[in-house]
Amino acid sequence: MGAGEDARAIDIRNAFALGSALANEDWVVLTGGRNRGVMDAVSKGAKASGGLTVGILPTKNRRTISAAVDVAILTDMGSARNYINVLTSDVIVACGEGGAGTASEIALALKSDKFVVLFNSSNESRALFKKIGGRLIFETDSVAKTIDVIRQLLAKKAKSSTRRTKR
Amino acid sequence: MGAGEDARAIDIRNAFALGSALANEDWVVLTGGRNRGVMDAVSKGAKASGGLTVGILPTKNRRTISAAVDVAILTDMGSARNYINVLTSDVIVACGEGGAGTASEIALALKSDKFVVLFNSSNESRALFKKIGGRLIFETDSVAKTIDVIRQLLAKKAKSSTRRTKR
Amino acid sequence: MGAGEDARAIDIRNAFALGSALANEDWVVLTGGRNRGVMDAVSKGAKASGGLTVGILPTKNRRTISAAVDVAILTDMGSARNYINVLTSDVIVACGEGGAGTASEIALALKSDKFVVLFNSSNESRALFKKIGGRLIFETDSVAKTIDVIRQLLAKKAKSSTRRTKR
Amino acid sequence: MGAGEDARAIDIRNAFALGSALANEDWVVLTGGRNRGVMDAVSKGAKASGGLTVGILPTKNRRTISAAVDVAILTDMGSARNYINVLTSDVIVACGEGGAGTASEIALALKSDKFVVLFNSSNESRALFKKIGGRLIFETDSVAKTIDVIRQLLAKKAKSSTRRTKR
């Protein structure tokens, strides 16, 4: 998750590198699906490494779909689609400072008890979401550390699923 | 908007007083509609002053509806209903510190270009949403000031509507 | 529920008379909220008898709200709002032949185990929904009979609620 | 689209064969995603032929996901997810008689101006949706004919997209 039209150049670069690294781990990359900003860049990075990309879009307008999205879900539900984005994800990564849309996704993820990685977030965002989210929030400042945190979180989830199955 | 199960006693008291004051202005009070925390208290306050209350609920379970809600909208859409709450409101008031749900509503409101009043919010919440929302964010620390800000915002909206109509 | 832009003159007239009769029973009238066709006419009829009207709209565009709607809920969720309409209603009345939107609401209502009254429906609509809905479907051909059926259904619901409460 | 818990044996068999044939055409198969009835069978058929399957689920409960779904979208929006299903699809196929859920998807598809193929539908369903949907409705009684109709519809869509692009 991250800024669309207002993404900074550094966030776009990081998003592309992150997408590429996620695909190298064979993880499916899910974004907001539009052809703008962080969501577009992370999908492009994932495709550059041969990954599978899913995009969940706010409108039903096919022209807004990123060319790097393989599976485009058209919701026509505006920002309500942010809730679907976080429920569908195993781990949410907020890449860069983001704006109101990104903040809503972080908050909805915490409300749904999901892990959130703040990658190069703002001080203000880290302060609020750490306060609200506690153990669900992780902070990183590089692609390598972000991948590492996700790997640990997925391992933890897999372990708890196994335990649940055994009972 | 505000905390549900985790609301503090001070937020509940303020919410009741705010609901009462809103109804005295003849404004319709819209909340998340459940029989918990700030949403329940503000609706009760509004009814105590003879106001009209609307609640937009996350489930389709009628037993969760606050007894103080006149018009209950059942969405069965979980936290996606937060988006409907903010779109339907003229002004959003976040009462108290709130948690992830409240933060998501503030963020969705800013994304939708809506005015948000932070009434007794946390320092962290004020810092982030002021940074993201700029001129859309207002901060208050009493019921009287909150009512005053809303009155000014509604007057501003009315004026801009009139202007639009005249063109 | 009923046709919007494509409503027939007879459906509009029936919708107005029905809205008026519903308000005379002190029932809240809920519609799709737009200023078109059956939803507009039934709201106007209800206001003519001093009733309370609720409208749940597909967009966030305030200019599409019927002037006869007291409480307008803006969803920005397109036809997904049809699901909210039926969940929120105690009894659904499809007024006139309707089109694809009306058919979707009848089907969603049956899926949600709601009573549906087909008032002056088409033969094809009655045949399919009777087959699918069985005991949930009622057919009427006048405002008076429609009101009578609703009264019986609400009485039945009240009784079953009471029974549930007593246990 | 088709029945879940109440699917008939014949519909399940047809759904499996259809899923297999769709995958042989290299088309992505999108369903309601649950591990029940037609949606489960068509996904299994598609996987048996090496296809890609997408499922859009009504809840956020991962245990309800069909084992044959590759990309599972969790909406937590109940039957409102039916709207996303039809918007995201190029062509909708209703397989078998279906119930209220299937009828709602056909109606929502027609409302959204989508092509719908009724494969082994009931007489009542064909009568109503032909009346409402006109040129958007196609009727088939075998997997081979269903594939043939879809191929023609996709060719028509591709042509009209090309034309649009040229302008």
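Order of writing sets the chain letters: A, B, C and D. Residues in each chain are counted from 1.
To be clear about the criterion, a residue touches a chain if its C-beta (ideal position, glycine included) is under 8 Å from a C-beta of that chain, and two chains touch if they have at least 3 such contacts.
If you're wondering where the values come from, they're calculated on a predicted model, not measured in any experiment.
Chemist: Same or different: at the chain B/chain D interface, is the fraction of residue numbers used by both copies above or below half?
Modeler: Because over half of the interface numbers appear in both copies, chain D and chain B meet with the same residues.
Chemist: In degrees and to the nearest 5, what turn takes the CA positions of chain A onto those of chain C?
Modeler: 180
Chemist: Averaging only over C-alpha atoms, locate the centres of chain B and chain D and give their separation in whole Å.
Modeler: About 40 Å separates the centre of chain B from that of chain D.
Chemist: Using mean CA coordinates as chain centres, what's the gap between chain B and chain C in Å?
Modeler: 29
Chemist: Quick check: what residues of chain D touch more than one other chain, meaning two or more?
Modeler: Residues 60, 76-80, 83-84, 112 of chain D touch two or more partner chains.
Chemist: Enumerate the contact residues on chain B facing chain C in the complex.
Modeler: 28, 52, 54, 56, 60, 71-77, 83-84, 87-88, 112
Chemist: Okay, in this complex, where on chain D does chain B touch?
Modeler: 60, 76-80
Chemist: Help me check something: in the complex, which residues belonging to chain C touch chain D?
Modeler: By the definition above, chain C touches chain D via 77-80, 82-84, 99-101, 103-104, 107-108, 110-112, 122, 124-125, 127-129, 131-133.
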